[in-house]
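I am attaching a structure below and will ask some questions about it afterwards.
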């Protein structure tokens, strides 16, 4: 169980959300509230949009609470759209290249959950990636694989359809391999303008997801950053949150890609 | 609040004590039981005696639960006397040079607790070190300072007297600086043959300390490694455990060094 | 261009070969002599056989010359067979999981060189691995891939034949993908008893390889550790060195696996 | 011998100076041209002024050429005044807290050179620091000490006088301890507006220093970033470069502080 936050709105210094709230992401790295595994100390990362079209990414294997570089960066960096992620490994090695968020071109992706039986599926799943994406992966996590699978399913044309198709592909592979462990995906995607967040699981236990919109500020989080300062709304299981001009939540279900 | 273990006895692979027990030190790094701060993820270290007279030391800033090198070393290394320590920083930076155990010549030292008001005392305390020890310190922790203060007080001649005198010196400096915060010291020392462990505090809350001796095997620990497999005895506050030929616990109090 | 050393013989402390010679491996990490890229600072690793049948492995992303843990371990560890490797990355990320030597069961493997055009070949090459090996890889280097390909070609039954067949497979894949860049492989393998070292390239520039045997001590190295203390012999291009009871060098050529 | 760069002028992305020039600082980390020790791989750091009055600082123990976070940050961060430093340790441990630049309030400091015999002098020199500065140091380098000594000598009121007085104090301590090794200081200081750079040594071998001013762009560097693109001027030994409204070079000599 990892923990993450996505922000979009007036540019804010990252520390105002990463460090200052009562139950900030960095607090959650040491002790989160809504998960069985309370410590998210297996690396972390931030991704942010500044003056470039592509995002900056800073990923580190130290626990987030313990990295003075992160504190300094969060004090200096101001962004209108950023992601933060603290990791609790589900088995893969702790290395920067396995830390979220992952970036590719203009896009960022981060994930809480896992593809059940991934080790047994790796070979089968890898075949779903086209040649040009196959070799771009730098690490070995199921999360990075899934990010590239989204590109293979047309992420840049239609993110919602890409998510639906990619999940359908993974679940088909799991069925073919008779894997009973669930596929859980509470994740966020952005192209630097829109954010797509999803709360999905193949069983009835999708990782938690909350959001809060006020004026033009939007926060999407694994768990509320405070008890009272904001009015947090739970995203229902099987729903997707789309932040484009406005923010809408809508039911979501896997769906094989339509024939072209 | 840190956590530590000291072992002396038949040579054992380090993993049998660091990883295998139900409440092993590595488990305690992720979630210990008897401390307010449950996570000890701010670096760790092991020190062991092998074929050399001086100990080997391996210290790392990653959380202990997350370091595959530690797992490999603990599987390979067999030792008749070793220390292991997982750190929860009380403010000093996380760096290898600030991780326990500290070594000097044949000696190892590790510590749970802190010198109250250390930042205000640093200048005054440093003056207690003779020239030759002054420049040998590599980090900036109160623990490393105290280790060198023990040498300044004759550790190599009489460890118990050195502990008593060094604590008296620190407490005198604290009084002179009107520091109210307590000095807490649950620590272990060894020269590769004997182990000296102490449970002391200037207030009534010395960090916990337990031990278990069976045959020629001795374990001294911050908290029991299991609920039932061994019979753990609490070391009373203000006591020192001396493992020489046998193991004895005796009351301990600070005492200024006698004039030569 | 990486640098490596393999030792077999009377148990020696690792530091006697890693640190002490005039042109020791650790010296080579900062400035080696026989390569265009003089610095091998992109991580390192050691693998050694001690009391267990499986080797211990310690890998780190810091430059070898700069890691006090390595110095301490090399002072303490004594081994009758060990590998040491300092890395100059050919592009893959610096992460512990990408450092040599790689281990699997009783075996260790380390490599200097590269598979030309690996990024374009990754997908094709991965298909050569059977299911059980496919998911065991932890990193993303061509070297780790090749190690697993050796197992797929019967490394445990006949190492020389496995090397010949694996190289033939890689070269076939390169031809099929019309890759002109060379495949260079100066590598060592061991099961903890025998050592197989190879100096091979698909062009005429295989990385250098030397060896020195005196009594029951055998050293195999990327470049001589000293100018005068030992009599180093160059391994000719396209040769394999097999250290079993004795040491023999013999011509080597890729050869497709014979049908079973 | 370390290597560093200071920039002031129109805001530029850090990468344009850290990575892009033919002989960029990051190139120098792997192989610099004008020093005996060619590799500066013992950690690095950057400090920059953005929207805050205090600078951001990012320091890391990996070699600069090998840190993808640095590449990402240098691509994103744009600054009107920044420092970059690649370190070749003169003995002190490689730890983030020992990496340059050092920051304190609005100030940044970085240094190439060393205080001869520092280990023997540490105790004596530490006494020159007032209480409030004494405990603020986080590492154990001579460079960080000297930075704090500048504050003790009125850096904030008169940087040139503080440099002259601090050097005089260090040299007096060296004489008192009969230290023959030289004190070498090629260093840069900034408050976010002005830059003070100095090239000084107690012997005749001050580390190299160059600068280039064109329009409102100023670069001060250990060694030229290119052979032809800019006209680099050497700063003479025993000179200080002051970049205030304009840039002036003037002779510099240690001078004890005047009585208040």
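Here the chain labels run A, B, C and D in written order, and each chain numbers its own residues starting at 1.
The definition used in the following text is that a contact is a pair of C-beta atoms (placed from the backbone, for glycine too) under 8 Å apart; a residue touches a chain by one contact, two chains touch by 3 or more.
Remember, predicted model here, so these are calculated numbers, not experimental data.
Identification of common neighbours of chain A and chain B yields C, D.
For B-D, the equivalent interface among the listed pairs A-D, A-C or A-B is A-C, as over half of the contact pairs agree by residue number.
Where chain B touches chain C, the two copies mostly use the same residue numbers: shared numbers make up over half of all numbers in play. Between the Cα centres of chain C and chain D there is a gap of 41 Å. Chain centres here are Cα averages; for chain A and chain C they lie 38 Å apart. In chain B, 68, 93, 96 are the positions where the chain touches two or more neighbouring chains simultaneously.
Looking at the complex, you find that chain D touches chain B at residues 93, 95-97, 119-120, 122-123, 126, 129, 131, 134-135, 137-140. The touching residues of chain A, when paired with chain B in their complex, are 30-31, 38-39, 41-42, 61-63, 65-66, 68, 89, 93-94.
The residues of chain D lying in touch with chain A in their complex are 48, 50-52, 56-60, 68-69, 72-73, 75-78, 96.
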